[in-house]
Structure formats: structure tokens, C-alpha cells
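This is the structure I want to talk about, given as C-alpha cells.
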Amino acid sequence: MNSENFSLSEKIVSSSYVRQGSQARRGHEQLIRVLLEQGKCPEEGWSESTIELFLNELAVMDSNNFLGNCGVGEREGRVASGLVARRHYRLIHGIGRSGDIAAVQPKAAGSSLLNKLTNSVVLDIIRQSGVRSASCCFVVPMATGMSLTLCFLTLRHRRPGARYILWPRIDQKSCFKAMVTAGFEPIVIENILEGDELRTDLDTVQKKIDELGAENILCVHSTTSCFAPRVPDRLEELAVICAKHDIPHVVNNAYGVQSSKCMHLIQQGARVGRIDAFVQSLDKNFLVPVGGAIIAGFDEGFVKEISKMYPGRASASPSLDVLITLLTLGASGYRKLLSERKEMYNHLAHELSTLAQQHGERLLHTPHNPISMAMSLSGLQAHSDQAVTQLGSMLFTRQVSGARVVPLGVEQMVSGQLFRGFMSHAEAYPCPYLNAASAVGIARGDVDLCMKRLDKCVRSLRKSAAPHSTEDTAPPAPPEEQDTAA
Amino acid sequence: MNSENFSLSEKIVSSSYVRQGSQARRGHEQLIRVLLEQGKCPEEGWSESTIELFLNELAVMDSNNFLGNCGVGEREGRVASGLVARRHYRLIHGIGRSGDIAAVQPKAAGSSLLNKLTNSVVLDIIRQSGVRSASCCFVVPMATGMSLTLCFLTLRHRRPGARYILWPRIDQKSCFKAMVTAGFEPIVIENILEGDELRTDLDTVQKKIDELGAENILCVHSTTSCFAPRVPDRLEELAVICAKHDIPHVVNNAYGVQSSKCMHLIQQGARVGRIDAFVQSLDKNFLVPVGGAIIAGFDEGFVKEISKMYPGRASASPSLDVLITLLTLGASGYRKLLSERKEMYNHLAHELSTLAQQHGERLLHTPHNPISMAMSLSGLQAHSDQAVTQLGSMLFTRQVSGARVVPLGVEQMVSGQLFRGFMSHAEAYPCPYLNAASAVGIARGDVDLCMKRLDKCVRSLRKSAAPHSTEDTAPPAPPEEQDTAA
Amino acid sequence: MNSENFSLSEKIVSSSYVRQGSQARRGHEQLIRVLLEQGKCPEEGWSESTIELFLNELAVMDSNNFLGNCGVGEREGRVASGLVARRHYRLIHGIGRSGDIAAVQPKAAGSSLLNKLTNSVVLDIIRQSGVRSASCCFVVPMATGMSLTLCFLTLRHRRPGARYILWPRIDQKSCFKAMVTAGFEPIVIENILEGDELRTDLDTVQKKIDELGAENILCVHSTTSCFAPRVPDRLEELAVICAKHDIPHVVNNAYGVQSSKCMHLIQQGARVGRIDAFVQSLDKNFLVPVGGAIIAGFDEGFVKEISKMYPGRASASPSLDVLITLLTLGASGYRKLLSERKEMYNHLAHELSTLAQQHGERLLHTPHNPISMAMSLSGLQAHSDQAVTQLGSMLFTRQVSGARVVPLGVEQMVSGQLFRGFMSHAEAYPCPYLNAASAVGIARGDVDLCMKRLDKCVRSLRKSAAPHSTEDTAPPAPPEEQDTAA
Amino acid sequence: MNSENFSLSEKIVSSSYVRQGSQARRGHEQLIRVLLEQGKCPEEGWSESTIELFLNELAVMDSNNFLGNCGVGEREGRVASGLVARRHYRLIHGIGRSGDIAAVQPKAAGSSLLNKLTNSVVLDIIRQSGVRSASCCFVVPMATGMSLTLCFLTLRHRRPGARYILWPRIDQKSCFKAMVTAGFEPIVIENILEGDELRTDLDTVQKKIDELGAENILCVHSTTSCFAPRVPDRLEELAVICAKHDIPHVVNNAYGVQSSKCMHLIQQGARVGRIDAFVQSLDKNFLVPVGGAIIAGFDEGFVKEISKMYPGRASASPSLDVLITLLTLGASGYRKLLSERKEMYNHLAHELSTLAQQHGERLLHTPHNPISMAMSLSGLQAHSDQAVTQLGSMLFTRQVSGARVVPLGVEQMVSGQLFRGFMSHAEAYPCPYLNAASAVGIARGDVDLCMKRLDKCVRSLRKSAAPHSTEDTAPPAPPEEQDTAA
């Protein structure tokens, strides 16, 4: 209420109480003021009531909520269903304009503010999470894969003659398709086995550049977060190579914001070499629904170029989700989540290692992977050929989600390319294994329950040389893909 | 509640009342059954309570809502904010898999059902709206422009050598950028003036094909819904040409679902010639928030190919919105909206024509445009050079949205291409004009209020040869773009 | 947002758009201003977004929502469940103080405003609905019966020696219990049969006053809205008698606000004689959930005395519901509902009369009852003894609610008093009958569907002299009570 | 969804995924089954999604949500505003029937279930909280005071000749008014000072019984939870006296459920003597909005008699709130809240004691009061006459709520009775003091912030012999009443 309405209220209830109420209102407005002024994630999270107040304020600034508006255009932000209007807080106009997804809309000052603030708050968090020198970013309502595609399409205009993308292998469909969809030919760089870890083969990268010619290479497309025993790419070295050959470098940082190691790699890469853009998933890093990504970079001009490549307006829904979430958590709440994740990583590693030993397996030694780990299943496979895949179905049936079983020798065609040893990031990894990850939001209960069920399943499989129980034959093993980017 | 719980309830309250309650529950389930069985938009709309019951049922089928789930993956559908969880009805996993946006997710049976049903219900409505022989469609959480880009990227794999897209000019940035972003060179076909109407220049299309070679042309990219005095492209003839030369044909049907004429054009084009895909906006046709589109076609194989090009999962938000909306309206409710729109079109035309006469202007004669119309502003321009653009700002300030003023002689660069006479779809349209449209959801009040304000503005501008009042100089005239696709 | 925040916003998005947004905000505030200033129901209903904005504004004025509050009292408005907090818009402190349900709470300026405004808006509607000279009223979170009890308890303090309440019979339990619960002895005045109507026996009222002594009579307790063939009491004559003998007069106007006739009776009664208070249900008149009532009167002092009798704070929920509802409808929306009700009354009367004739029954002639009507069931009873009660169960099973069957000769004890001919308001009404009412919110579909099902039921009962089908024996006929006050 | 719909879903998405979804649904249903079967508060809290599923299930059982219902009654559960319908989960019919607030409604099986289950779950919690032998209770949508009135009105029918209620003094308006409103004459029993504590004067109670005659006494009305230095009444001894003289005994247990000591007193009183009913507030014990109470007792017959005294239906809103809250918390969650409260009590006592010493005051020694405590303000008063009341305003202005300042010598009329030394429960307590309480839901932050602000205020007051700063003179000291029952 404005001051006039507060004055009127004083005639109805005691003025000292109203004055206190009006002062309390200023408390909320003060939080909003700081946000508008600084464009940063507030250190302490906001209450639901401040957030809803703020969103309602934004909504009344959009023309579809003007009480006296009359619309004779073809897009007036009308909504037929009250359920739909409410779930979007009546913010209907989306973000961006036909020219640029980051542009301001005349009809929707509130939605435009939402868009700008979200990008600004998200940039703040990316910096706080380790990429201190990131200069610009924007939220896009597409998953990581399609966002990578957009980056590649933008680069095409800078390098019209380039046809190839150098890509250290990571077995996940959408990041591969991102390149194919953009119309490029991925050059798969097989990983090198170092101990248990699969790491970037820098020599082959260099060799391929020489072979194909730098000017024919659109970019190097590297990856941070990934399933063990693959580990984050050697970003620094790749960045140096890119700088040397003047080749753009796009990093798939799908769920890497949650790991200080991944973020550090990007920061270092950009410092010593070249990184043009890095792309991360909203849902995997910020505990929001699937469907959004952040495209970030170090050169504001290039990031804006990408945002201008998106033809047309876009859904504000992912921006709204991440803004609500970050305002709710505050920077301190997000840091707390990240530190809990780290703690759970250690707990998971300890538990999985213990369990492995009990069953004659071992936790693979992958110290460079800060999120995912793997337990060998060599013994289980020795026991029975089918046991490894059976383990997958059994875990699915027992509501253990995300524990991915990787058998040997899977072959898979993806967009016309045959991958041998698919899912394991290598043509012939030495042993089958099971993945587990400690991702942001994981709870101790997740780990403990998973260990208990896993133990039971392995135990039961090892007992029976015979085919496993009927219950578990029924469900077709759902091939849990590795979602580095999705 | 299941039957066991109903039985237990009978011990607590009278069994005859419980039995009636359980019978009533079956009423809701019956509606759901018909939807699942037929996959069609229900004839009569559902109540909010049936819809919410249904969405809650879907949500409990997703693993993030399993009471006994434990997750050790990198994407577990966790949500940090209760506000966010609730606004998505706890459907967090999005739609699709990394391989295919239309694929089923093992972790999310409910979201998968939502996705499949939405596509099926939307297809039903597209057929009912006039494209009877459409065979397949899917909702994509991108606006029309980016969806067109996806179609072009898919075609690239079929026609690797093609570089050009033939495009009858329509002055709207995002559909132009859609081609550039996909990496193609648009060949702009200027329109022909027939009476007041701007229509497709078929001869030039044919000439360009001969000139460039059919095999070098990725596709013809035509448009239905557009701002008058441009009218929908001659789809039948274009489709025949495409068929003859074996050139793909993609139609931008941005807000054409609401018009039986536009839909009829597509149906006829596909019958007599070739249309590979037609793309329409969700928000402009179905009164939902900005950010989704429908990609539809006649060949299931090709449409699936497009859906497989989308790398990674995607936001379920636009699908959820359109499903809620269509279940709320029912097919009959949607038909009613369309017929009200038609009625308002006539009302608007009548009112605008009357107003035009009073001010010495005229309603341009554009009978082929079923949605948009235009009133000349020749007199106003004669009166004062600035008056035409001033009219735009004045209407904006007076909360008339969507009434677009088009002055003469605007030049605009879009992605490196210069457009003369931008906004008017022609290098030199004979007169400046004002657009108004009767789009789905428009109310009589919109028309009447707009006429009243417009009348006042024109009157005031004609009175003063002198610069207009201070109030209206302040706001920079917001260049309302033509959002054929956005 | 305050002006400072708007200014900051102008640095983020274009200032002319922000200015328009801020202007739009003033539109909402203007509506709130008028409400605060005049305390009247707005003529036109508010949008949901204005209402929610307003409720959020009220909520931030309550101490439980102060960002810097610390509480060390025993009642701090804390809420454990987010679901609960949200459904009350975070207005937790209820209304009133321990001294007075109408008092202002220091801790809750927002809730206090809500309470005051609700009472003021409701008074406006009561006046507009016909009781123009009502001077004061308040909403109380108790149903009509308990509210009547509160009135009687208040009167006790004015008339400590009085033991009796004169009560023209109306067969509904809660208004009878209202007197017994308050500790008084109801003197039942049997009604007089005039034509088909049951009307107040004024002579007996007078006789009882003479017999018991005016000073021993707490009050006359009369009724307006009731089930036909009883009709509203002769309020004017009763009011004159009360004035003459200086006896208080309390009117049970349970669902009478919706009828201009009932309201006119009260207005007239107060003009020519004495009415101390009249009580009406919130749910039955204003389409809100069960549980609130309005206590109104002509002497502000007496109404305040009643409000001070309520010991302790009270739920704000019914006040919130009725305020939301009246702001949504606006005075014009409420008037529209009332006129539709009247129209449906005529429709129902016509349909029921036609149906009656087809089955050899007749619509009882009860012109003084503006809401309820009755169709005789004489023929049905002649046909079979059980058929009348069977009709009741059959209608219940067929989801016809509110159509009450009244057989002859029911005896019922209520709080120690035996009522012969219970449900019919008379010891021996000439015939059994079926009631139907046209109450506010009724739709044409209700009437038509009811007629169809009723016709089928009567037809089927008349066909079979034999016991009715198994289906209908199962459910125990639910004795639908007459809810004059509930 | 029922099994038929699950089968249909299997045709749309993979059957193994659907099967898992359907199995997950059974998880929710299983929780509901246990609730229906046992009627107890679940040990572990439910997720929001289970709760909403359950409430939606209840709602579809009510006739206003029947898809095929037609209504021709005067009360059909229609709702005009969507906001209102949703916030009540479409449960509109309230609870009870005109005969009995605990009765089942034919039109509303769902609401009836809600009512029964709430009463049952609440009884479970009362037993678990210490009154193991409670046999029956019900939630009533009235605050504690009005609920006490209802108890007294019920007793009147058992003891028609009784006029007096014996009431050990407690300075809170609504519990006093509860007796006056019911039409009885309270006999105030002044408390005895024992050390710092004010305790029940049993001798005077006995003397008054002898003096007035047991048969003329309606009941003894005692109190547990109260503001220090008053402590809970000597319930055991009072109960024994009541039993001896056959006098009913009603206990005001306003916020006593949260204290095992208060609950133990009631349990013991009932074991060794007589307690007919004990009444507690919903909001103060269960963190829900103001407006509900629980009436409980040991004799099912008597409790039912009370429930039958409530004339008419009633709001389901308080029942809904407490049910949602207890299902959310679970029994374990509620126990946790209680144990945190106890811990905070110790923390508060320690902090307040330390602060007192620093300012030359002391924490009064009131070991029998488990919730409230008091710090003397003797030094402050010695310093300046006005300082004590100024302290009250200063705390209010600084958003410290619930810290009540009690000066000496206040006189107050309540319903015609003069109380000397009002607020202090005694005509002449030795010193002024400040109250603070550790009530359920209190957080460490509340205590610490309060101490900080209190320290500042006292310090500033002691510094200035002169009148305090302008800022604090403005607001009128809001007389924070002692809300033992409200």
C-alpha cells in the first residue's frame, strides 16, 4: 500500500499499529531495493512472503495485468485458465523480444526486470562458485544440449568455413547430438586410461588440429562434470592449445557449478588460455525443474551474440524457478548445500568402498572426479554373465535411482556414429562397474538407503548362480543414460 | 483412495455416504479413462478439481515423489523451493530423454504420460481446427522462431548441400533470424501489391528456383498469419511448386490455428502439393504464457526426425500449460473462443472503418487476412510529419496495446540484411497505417475501449499542428514489432 | 514497490516502461484507497490479482510477518505448516481481542483492518439488499444457531429475570437448540394454516405474553427464510407487539439476505416496531464455506454489547472468505446473482408445477415464501405407504441434493421437547410433500436435471406397487433436515 | 488413478515404468490406510504431496464436487470465488449437523471424515502429551473462552439451580467473560503468595463451598498455563475437593498441551479426583491460526453432551488446519517441537537471569510455571515512575512481541467486576515485572534478539532520568493482555 492508503488505514485501526505495519513493509522493500541496486544474490534467503510480494509487484507491471488495458494485438498475454495464470504469478509475456532473448519488452516491464535480475543474480552465483572472472551470462529455457547447439550455431557465423568440432569422448547422447544438430562433424578424441581414470588425450587433440587445420575446426568442445571413471577434461591444457591455434573453446559444465573443482578448472582455463563459453544446467545445479541452462562467458560481446541468435521470445519459467530458488536459499543457503554435498561425497565414498570390499570389489580410484564415483563389478561378472545387467533392474525396482550399472561391450549408434564400449567413455574399459554420485541436494538418507539396498541386491545375485527371482526379470532394465548434458 | 480405504472409511462415517463419495470419485476417473483411451481433447471442459486430481496422480508416478526413493544420480528431480515444487505440481523431471524430446523417461512415468497426452490432445485440436490430415505433432518448449530453426537444422541432414531458403518477405525479426541462426542464407521474395493487399510473388519464387537450382534450396519457408495489409501466402501454389521441384516446404503458422482460413490453406497445400512441417505458437493460439510451439506435419517419420534432433531433455512447463488449458476449455470451449474471435473481427472491422471515415482515412481492403486489419494514416501524415509516430506513443501511454503504427520509409538491419520499408512487408507501401487484430481471447471491451482512445488520440493530433502535449513526448515510442513468430 | 524501487528499476529496464508499470500499480492502489475510504463493497468486482495484492499487503502488517520480529509471548502467530500459512495468506492472528471480537489487535494491524473492513463491507451489502436502516453488524465465526445463542446470552444481562423465549414454530433443530443452549425455555407457538401456507399465530403470541408476563420473556424469536409451506413470520406485527410490551425481538434471517422480501420484512419491522438483532448465515447468502454468520441490528450500542460478549479472539477465516467473495463479485455481481436466483425461482415453480400436474399432484400455493416451494405427494402416498420415504432415498442416490421429502406423522424429540409432525412445522399438515428451493447460486442446469430425475423417480415408484428396486433399498434414507439456521 | 487407468497408461508409456508409478501410489495410500484404520497421528510426518492427495480425495467425496450433482436446497456448498474454493481444498460443507457438531453429514462424506479423523488424531496427541486417560475430545471452531462458555452452558442443564462458579483468579479477560457470558456469577478466589509464586488458595475454595452450598455452585473453573509469577492451579487438590462435594470441574488448559507438567496435572487430577472437561487452544499449542479449541474429557457421555449443545454446523477451517499440521509434523515432529521448547525455556531463563543481574534486577523464582517467567523491574521503577510503562512501548516499537510489562497498581473493570492489581493476578504483588515465555515454536533467535533489545532498552531508560527519547513517546503503550484463554 502507498502512503495515502496507510494514512487511511490509520483512521480504521490505531495509527501506531498501522505505522508499525508500514515500517514492516519497508523491511521487505528494503530487501528488494538491495536486489535492484546490486543485482546480486542476497546473502541471506528471503521469506516466502517477501518473494511472493516481489513477484506480485513484478506482475502488476506487465500490461496483461493493467486494469485499464485494451489489447488489439496478436499477443496480449491473455490466459484462459486460472490455474495457469496463478502458477506463473500472472507473468505471461515470457522473456526477450523477437530480436534478442535478453531484450526488454515494452509490454512487460515486470517480466523484463525478472529476466535481467535473474541473469544478474545467476552471474553473481557463478562468480561466487569459482569462476570469478566470468563477465556475462544468461538463462535460456533450453536444456544443456540445445544450449550448446546455440553456441555452435553462433560460432558458425564467426567461422563460416569450419566443419569440425574436436570432442574428447564422453558417453552421453545429448552433448554428441548438440554438435550433429548444429550441422557439424564431431571428431571423437578417445580418452587415455591413467590408473583407473579416463583422461583427456591432449596429444591426439593436437594431432587432429594439425591434421584438419585449425581454420576448419569450429571449436573444441570439452567437458567438466562427468561420470567416473572419466574425469573432467584437462581444461587448462586444452585452453592453452585453443589460444595458441585461435580455436574457440566451449565447455560443457553440465552439473559442474556445484563443484568448486570444476569451477576452478574453468577459471584457470580462461586465465591461462581460451574459453569462449561454458554451459551449465539449471536443474542439476540449482534444484529446479528440468529445462533451463545458463550460457556464460568471459567476453560480454560474444555472450550477447549468442543471446541474439535465439530467434524470438522464450519461456520465463526456468528463469522464474531459478530466481525464486536463489532468493529462497540466499548465497549462504546455496553455499551450505554445496558443502553438504561435499560431505556426502566423502560419506558415499567411504560407504561404497566398505561395501565393495565386503563383496570382493573395489572403489575405483578416481580422485579427479569430484562428484561421481564407481565401484567395480568384476567379481559379479565373473559369477554370472547376466548378473551385472540384472543388478541394474533390481536397483530400479527397489527405487534406487541414479545408480547406473555399466556392463562391458555395449555398442550404440548415436546420430550415425558407432560407439564401442558405450556408457564407459572408452572402447574397452578394464571392468564393468556401478556409478553413484553425490549431487547437490543429496541427503544422508539417500546414501544409507542406497547402500542397504545395493548390499542386499549384490548379496542375492552372488548367492544364486541360477537366474534371479521372477520379480526382477519382469521390468526391462531401463538403460539409465549418463546425463552429462541433458 | 483405493477400495480398501473406502471400506475403512465406511467404519468411520455412514457407509451409504461413503459409497456415494466413492461413486463420485469414479466420475472423475471416468473422464481420465476416456482421455487415456482416446488421447483426444474432451468435448466438454473439466472442472479444476478433476484437473488437479489428474495432475496429482501424474506427479505421484514420478520417482522424485516416491516415498521410498533414494537417489544417487546427478539428476534426481530434487527441488529446493516449495514455491517452485508446487507451481509445477511436483512434476520436475521435464520431458524427453537425451536422445529424443518425445521419449519416455524411466524415472518419470507421470511426466512421460503428460508429454504423450499433451501431444496427442494438441494434435486432435489441430485436426479439429482444419488440418484434418495432420498425422503427428509435438510441443516444444521453444518459441516459434527457434522451432523453425530446429526444422531447418533437421532438413540440413536430408539436404546436406543446400544453402538457401526461399522466403516470401514478412517483416518480423525472429522468423528471419530463424533461418540465419540455422546457418542458411534467406532469399527474400518481395511481395506483390494487389489492391491494398501484399501477396506472394509466385513468379519470382519460380525464377529463383531456376536460378539457384532446386538442390541448393533447403526449403521454401512460407507464412500464414501476418499483419495486414500482407495476407497469408499462396500456400497451395507454393506447395505445388515445392512438390514439383522436390523442395521441402516449412510453414510458419504462428497464430494461424485460431483462424479456419489459415488452417484450411495448410490442409489444402498438403493435399495438392507438399508441406513438410508447419509450426505454430502455443501462447498466441492457446492463451498460455509465451515460450512454447507446436511442430506438426503430415509425415510421421519426418516429424519424429525433428523431435530427435532436439538434444536433451526439455521443460515440461509449456506442455503442462497447454494441457491444463485444453482440459479446462474442452473442445467446445475452444471452438467457442474461436467463434467469438471471428465475431470480434467483424465488430473491429466495422468500428475501425467507421472511425476511419470520420477522420478522412479508410480501412484498407484486405479480405484475405482473417485476423489483422489496417487503417490508413495518410491524412494524419499529411497533417504533420511526426504525427504518425506520435500516435504510436500516445496509444502506448494510454494502455492501448497491440495497435501498431507503421510509418513509411523505415530502414532496418536484421542479421546483416537491410530491409527498406521495414514493418510494412514491402519496400514502398503506398501509405502509412495502423494495425489492429482480432486475436483469440479478445473481448468486446478491448475493441470498444481501443476505438474510444484511438479516436481521442487522432482527434488531438489533428487539432494541433504544433508538437503534441508534453505528456506524450516523454516516452520513447516503443517500436512494437510484428510478431508473426516470436 | 515504493518509488525508490521504481527508480532503481528504471536503471535496469527502460524508464518509460517502468513508469507505465508504476502507473498501473496505482490503478490497483486506487481501488484499495476507495475501499479504505468508503468502507463499501466496490460496485465492480476486483480482479484476483488486486485481491491477492491487497491480502498480501495486509499480511505484511501483522507482526508474525515482520522480518525483524522476535517473539517471547505465548501466542506469536507462528505456523508449523506452509500449507496452512499459505491458505490463510499468512494472516494468522485471527480477529478481536480477549475483550471484544471487534477490537483491534496491537500485534496484527493487517488482520484488524481485515476485520473492520469486512464488517463494513458486509453492512453495506445488507443495506443495499433492503435493510437500509441497519446501523451496525459484525461477522462472527459461528453458524447461525450459535450466533443466536450469543444474542440470547447478551439479552440475559439486560433482562436477568426472564426465562422464556416466544418462538413461532419452525422445524429445524439448531434454532430450537440455540435457545435451549442459552438456558432458556422456548415457548412454541404453533403456526396457523392459511390456504396452503403456515403462518404466524399472532393471537397466541399475544396470549402467551399476557399469560407469562412480558418481564419474564427474554425475547420473541422469529424467522424469515424457511421451507414452504411455512412462510416468513409476520414480522411487522410481531415487531409492533414487541415494541408495545417492551420485549426484545431477535430475527433468524438465516438465508434471507438473498431475498428482497425477507429483507423488506426486517426493514419494515424495525420501522414500525422493534427488532433488536437479526442474524444471517454467511454460507447460505454469500456462497462461502459453512461456519460464519452476521449479527446485525439497528442500535449500535446493542450490537457492540453482543460483540463484547464473545469471550476471546476468533477465527478470521469466515471474514476472509466473505471479504474475498464480495470484492470478487462487487455489488453489481452480487445483485446479478440475486436476480438470477429470482428468475430461477420462477423457472423452478413453473417446472415443478408442470411435473406435479403430470403426476396428479400440485404445487402448493405459498406466495409468501420467496425461496422455497413444495409439491404435494398425496397421490404417491395413496399409491403406497412407503413410496414417499422411498422417493427421498432415490433422489439422494441419484445425486439430487436439497430436494427434501416430508412424510406425514414424523415424531421427533429435540432437546427434550417432542415435535409432532416434525419437518412440516405443524402437528398435522394436510399432505406429505416434497420441497425444492431456488437459492443463490442455483443454475438452470440444477433445475432441469432435478426435474428430469424427479420425474423418473416418481414414475418408477408409481409403476411398482411392489417394493422398489434393490438399488434404492440399500441406502438409508438420509433425513435431510430443514436448515433454516445451521 | 484406478487400476483400469493404470492399464491404459501402460499402452502409452512403458508398462514397467507405469507399474512402478502405480506401486508408488500405493505408498501414499498405505499411509492413508493406516490413518483410517488407527485414527492416530502418524509417527512420521507426511509429505505435502501425500497430504494434498488425501485432501483432494476427501473433497471429491463431498456433494458439491460431484460432477453430476444437481442441487435444489438452500445450502449446496456453492462457492462464488475460486480463491475461496481453493484455499479450503473445495471442502465447503463445514462440520457437523444442526443437531450435533460431531455428527456426520449426508451431503459431505469427505468433510465428515475430516472431522472424525481430526478429533481422533487430536485425542491421540492429547494422550501422548500426558493425559493418557482422556477418553474423548472434539475440535470446535471457537477460541478457548467461548469453548469454556459452551461447557458452562452444558453444565447448566445438569445443575439448573446453580448460579456460581468458583474461580481462582487469573488476570485475563476472556476466561472471566466466559463465565459471565454464560450467565453465571464468578466467585473470585484470590491467590496466595508463596515465595515469588502466586498459588491456589485451597482453604478459601473450601470455605466458599461451605458458604454458598455445593448445589449452588455450577463448577470450579481452574487454570493450568498462565503468566508467571502465577503458577498452574493445584489441580489435584481442587479435583479432590470437587469429587468430595460432587461439584463439576472445568480446567482452562489454554496453552498447556505443550507442557508435560500441565498435562500431568490434569492426568493426576482426573485420577485422584474429578475433572469434567479441559479446554485448550489450537493456535497456542499447535501452531495454527487463531480460532479453534479442543474440548476434552474423561467421560465420553459428557463430552458428547457438550458437542450436542453447539447449535448448528460449524467451520471446518480450524479442524483442517490442525489436521494438516499434525500430519505434516507427525507425532515425532510434535515431540521434537516440545522438547525444543523446553530447551529454549532453560535458555531463556538463563539469559534473562543474567540480564537481570546486570541491571540489579532478578528473575523471580517460579519453578512451578513451566512456560512463563518474570524478571523484576523494581530497580527501574525506583529510577523513574514512568520507566516501567515506557519499557513496554519501547519493546513494542522495537518489534519485541509478547514481552509483557506489568506495572503495579493497575485497576480494571471487566464485565462489571473491579480487579485491583490487574495483570498481576493479585491485588498487591510486591514488585513490577516483565514477562517472557518459552512457547512452542520459539527459536533461539527469538530469545537472543529479545535479550539484546531488552538490554538496550533498560540501559537507555536507566541512563536517562529525563523522559525517554521522542521516538518512544509517540506510540501508545499497547496493553498486551495476558492471554491465558483467548
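A, B, C and D label the chains in the order they appear, each numbered from 1.
The criterion applied here is as follows: contacts are C-beta pairs under 8 Å (C-beta built on N, C-alpha and C of every residue); 3 or more make two chains touch, one makes a residue touch a chain.
Chain by chain, the UniProt names read as follows: A, B, C, D = O-phosphoseryl-tRNA(Sec) selenium transferase.
If you're wondering where the values come from, they're calculated on a predicted model, not measured in any experiment.
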Subject >> Other chains in touch with both subunit A and subunit B >> reply: C, D
Subject >> Which of A-D and C-D has more C-beta contact pairs >> reply: C-D
Original post:
At what distance in angstrom does the C-alpha mean of subunit D lie from that of subunit B?
Top reply: 56
Subject >> Interchain centroid distance [CA atoms averaged], subunit C/subunit D, Å >> reply: 29
Original post:
Taking each chain's centre as its mean C-alpha position, how far apart are subunit A and subunit D in Å?
Top reply: 48
Original post:
Which subunit C residues sit where two or more other chains touch them?
Top reply: 14, 17, 20, 24, 48, 52, 63, 66, 68, 82, 106, 396, 399, 478
**OP:** Report the residues of subunit B in contact with subunit A in the complex, numbered from low to high.
**Re:** 48, 51-52, 63, 66, 68-84, 87-88, 91-95, 97-99, 106-107, 141-146, 148-150, 153, 156-157, 172-178, 180-183, 225, 227, 255, 281, 283-284, 286-292, 309-318, 321, 324-325, 328-329, 337, 348, 371-372, 396, 399-404, 414, 436-442, 445-447, 449-450, 453, 478, 480-481, 483, 485-486
Subject >> Footprint of subunit C on subunit A - complex, ascending >> reply: 1-2, 4-5, 8-9, 12-14, 17-18, 20-22, 24-29, 31-33, 36-37, 39, 47-50, 52-53, 56-57, 59-63, 65-69, 82, 85-86, 90, 104-106, 108-110, 112-113, 116-117
Subject >> Partner subunit D, residues of subunit A touching it in the complex >> reply: 14, 16-17, 19-20, 24, 82, 396-397, 399, 474-476, 478
